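The structures considered in this document are given below.
One chain, subunit A, appears in both complexes that follow, with subunit B as partner in the first and subunit C in the second.
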Partner chain A sequence: MGACTPADSKTIAELRGVTKRFGDVLAASDLNLSIREGEFLSFLGPSGCGKTTALRMLAGFEAPTEGDVLLDGDVVNDLEAHHRPVNMVFQQYALFPHMTVAQNIGYGLRQRRPRLPKEQIADKVSKTLEVVQLGGFEDRKIWEMSGGQQQRVALARAIINEPKLLLLDEPMAALDRKLRKEMQIELQDLQRQLGITFVLVTHDQEEALSMSDRICIMRDGRIVQVGSPQELYDRPNSRYVADFVGTSNFFDGKVADQSGELTTVCLNNGLHVRGTPVGELISSGEVTISVRPEQMTLHRQGDGLAVEVRNRIFLGEHTEYLVNHEALGDFLVLSPRQSELTEGAFGVGDKAIVSWEDSAALVLDRN
Partner chain B sequence: MTRRTRNWLLLAPAGTWFLVMLIIPLTVVFIFSFGERAPAGGVVPAFTFEQYANLPARWAAFKNTMTLAPIGTLSALLIAYPLAYYLAVKSSPKWKTILLVLVIVPFWTSILIRSYAWIFLLGGRGIPALLELVGIEGVRLINTPFAVLVGIIYGYLPLMVFPIYVSLDKLDKRLLEASSDLGAKPWRTFLQITLPLSIPGIATGCMLVFILLMGEYLIPALLGGGKVFFVGNALVDLFLQSRNWAYGSAVAVTLVVVMLITVTVYMRLINRLGASREDVSIM
Partner chain C sequence: MRLYAVCVYLFLYIPIGVIALFSFNAGRHASQLQGFSTKWYGKALSNPFVMDALETSLIVAFTSALCASVFGTMAAVALQGIKGPIRAAFDLLIYVAVMIPGIVIGIATLIGLVTVFDQLNPLIAAIWPNGFTPPKLRMGMGSLIAAHTMFLMALVVIIVRARLAGMDRALTEASSDLYATPMATFRQVTLPIISPAILAGFLLSFTFSFDDFIIAFFVAGSETTLPIYVFSSIRRGVTPEINAIGTMVLVVSLLMLITAQLLLQRGGKKQNDSR
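And then the complex of A and B:
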């Protein structure tokens, strides 16, 4: 995916120290972000963390309280939405109920001055309908379309204008699971085909991970980390990110020794564990060690944590073990099928040793 | 109880009311309109078109009604729409309630009392006196069509505001954002989205006000001072003063027919407007 968006490609939009307050509510706080031309960027975070607010400032529906919003290098803080080369797919689609499918899709083109010839608009509408696989639906009424079809209409209505930025606010939230998967793939195809920069808002980590070139993780109005899905998975800069992106096991502790390349952490049970520090560690030294379940291995003997197997779920390629350590509590271990075939599977109640590479243990800020 | 009987029971009260208060009186009036005036007032049964032949004598009342009712309706619409728009789209939730209550407040006192207030305002010691202070002399307002129009607009404004307010209030505000997002300037958003989607409210408001105006008699009686009178005033006069029931019935039947024709034409127009957009058709 990285191939179609070289890291050095030009910045198309930018947030510079952007803060947005609604009365007492701090919806966005000091956002700094460069959006690269042609990339698929997602804002990911739980409900209420300010994703929509960030998107609405890019669209021009809200002006930042502080900081600057830039489009193509120009500050556009107070430029109204109808002057911005940006289009949005709304959460509930916001299709015009008194217009046909074709009238909805052609709406943006009809606002252009000087006016475009009618035939040219009709022609482009048909072509765009083909692109979203709704060819021939021109004269349908909006309420005659299913949820999935309405979403395609909303998409077509936006992309027909060839915007510099396409903003999508939880576009798949109202679709059922199967349709959502299909649409995710279609959206990705569409983005590559059109080369338009997509900015997606979602609270669904799977959606963000599978579709995006880069993900911007938000929390309480702040940006916590920006990076490719792989970067966020492998090098989360806080427990929050590690928890949000994928699944991980966390062991709280205090920094014992920070002199070398690896940090030694004294876990709450007195056990010393070495790990790789990521991000800024708070001065108090209150940290957490994060180890992904698939980075852990189960052995019959050797060095490591002595645990007891509590549950075993066979997942085909992997087997997921829930194990219990006397002091550290329950955590998950994911064993590849291959190692089970060589070492033999563990049963519920078996004693086992869990170990991992020092590099797999990340020392993270506990918040 | 079968569904059928239940449905009949649901309709029975309104149906009875309709029959007793509307169909029977209308039938009586219709029959009277072909009768003759009894010497002592009242009506002598007959079958003559004499009363209808006499209608031109009351032409002025019809003319006033048929000009001031549409003009009043349109003026009320033009004043009510911006107000309803402000209430529904622009005002903050807190102010919205206060302003809506203010729109209803006039209904708390009788139209009679409110019209008397206008008699004073438009009369010699009211607005004309103020105008004289700034040097504009000889303005007469009371007992003119203008006075009646002012009274009409004032009295019927809330009836126009509410249906429009409701249709604008339930309008999804994101549609306005979507329109702006697609490059429409505010004025074009209004013309292409807000206005078409508020047509049901406009249609309802206009119909309500127009029909009620056609039968209006109190405002012309008070503010028109016998110079500007509606068909309603003619009816009061014919039935209560001159006791010419037969002629009064003919006038009443004519008014009903004119009203029916106007409303039918109006419905046709509205529905044609809404034919391409089912959701805004009103019938």
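And then the complex of A and C:
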């Protein structure tokens, strides 16, 4: 997917120091973000983190309190939604209940002035229905359609206008799990096929990781980190991101030595661990070490942390061990099937040694 | 408890039933049944006074219901966009307008209009060109329609507001997202969705205006509506003809109320289904 969004591609939309207040509530604070033409960008975060507010400011439903929203290089802060070349797929689809499928999809085209000929609209509607695999459903009523079909109608109603940005507000939230997987793949295909810039809002990290070219992680109205799914997974800039994207083990401690390329951290039990510093560490030196479970290995002997196996879950290609260290407590180790085949599996109650590469241990800001 | 409830319902509905029953009485006395006949219906419908009063009532009911529906809808839509204490104040005033007894509205409108007319009439006469008789503002059809429109508007506002509140805000946002101007959004999305409520409000208003006696009694001037006609004829004794008129009014009113109720229910259901 990286191929269709070269890093030097043009910026299609931008948030510059955007802050949004609703009364006393700070919904978005100093957002700075460039959205590249043709990319699939996701806003990821828990509810109330400001991701929907960011989307609504791009759509034109909210105006920023401070800062600028730019579309195609122009400041559009006060441009109303109906003047913006941007379309949105709403969470509950917001299809017009009194119109047929075709009337819903043609709605945007019917607002154009000068008016488009009826035949041209009908022709485009049926072509768009083909694109979302609903050919022949023109005259259906909205309430006759299933949830998945309604979503396709909502999608068709937006993409028929060939918007500069397609905004998707938790579009899969109302679908069941199986349908959600199917729609994720379809949405990705569609995005590649149309070349439209997609901006998705979601609280589902799996969804964001599997679909996006870039993810913008938000927390309490602020952008925490922006990057490709791999960057966020491998180089999270804070404990929050490491915890939100994938699973990780965290050990709190204080910076003991920061002179070399690696930072030495004194863990709370007095143990010294070396790790790679990521992002800016706060001056107090209160940090956390993050190690992904799959980057830890279990041995029968050697250097490392002496632990006791508490639980073992066989997952097929991996085995998940819950281990306990006297001072550090419980944490997870993910062991590939191959190493179990060669070294033999550990049973519950077995003593083991856990170790990891220095580069796998990330020294992060504790927040 | 159950017996008590039965008694209440009997007390409420027996008089109405008796009126309907006696309207088919063949004899001319209201107190004894003398066989079945529909002749009183024929008689009522061929009575020029009844037909005149009916015409007045229909014109007043239709016009005031129409005005109330238009202005009430406009008010409801406008109120939807307002928040805070101003809206709370308007909400309160609207409920008060519905609760105020008809006699208060009647007297207040009468006094208010008469006072204003007394002030305006000399003014109009003064600015009117010489040689022409100046028009004189007085109580009549106009004041009747105005008074009815005023109190029915509150009713329409309440019905339409309920429907607007139940409407998904995302629908109007979706419309504006799809390049529709606020006016186009209102015409293409809001209006079709709230139209069952507006129609129901119209039908209810029509019924209320058609049946109203108290307000009409005060502000009708020399006009005679059907309820006023019925009231004045009762003073000469209850005839089966009056019963026939009463029964017809009852049937028409019930049909309108049922239609309004169905509109409100079906409209609400359809909207929920599409969510």
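By our rule, the second predicted complex is superposed on the first by the 367 of 367 C-alpha atoms of A that agree within 3 Å, B and C clash if a C-alpha of one lies under 4 Å from a C-alpha of the other, contacts with A are read in each partner's own complex, and residues count from 1 in each chain.
The rule is simple: a residue touches a chain if its C-beta (ideal position, glycine included) is under 8 Å from a C-beta of that chain, and two chains touch if they have at least 3 such contacts.
Every value quoted in this text rests on a predicted model; they were computed, and no experiment measured them.
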item	value
Subunit A as common anchor, with subunit B and subunit C clashing or fitting	clash
Touched partner set for A:Q193, first subunit B, second subunit C, both or neither	neither
A:Q338 touches, of subunit B and subunit C: first, second, both or neither?	neither
Contacts of A:F96 with subunit B and subunit C, given as first, second, both or neither	both
Touching partner for A:S146 - first (subunit B), second (subunit C), both, neither	neither
Residues of subunit A contacting subunit B in one complex and subunit C in the other	59-61, 80-82, 86-88, 90, 92, 94-98, 107-108, 111-112, 143, 157, 161
Subunit A-facing residues of subunit B, complex	172, 174-175, 177-186, 188, 192-193, 196-197, 277-280
Complex interface listing, subunit A residues touching subunit C	59-61, 80-83, 86-88, 90-92, 94-98, 107-108, 111-112, 142-143, 157, 161
Of all residues in subunit C, those that touch subunit A in their complex	168, 170-171, 173-182, 184-185, 188-189, 192-193, 270-271, 273-275
Subunit A to subunit B touching residues, read off their complex	59-61, 80-82, 86-88, 90, 92, 94-99, 107-108, 111-112, 141, 143, 157-158, 161
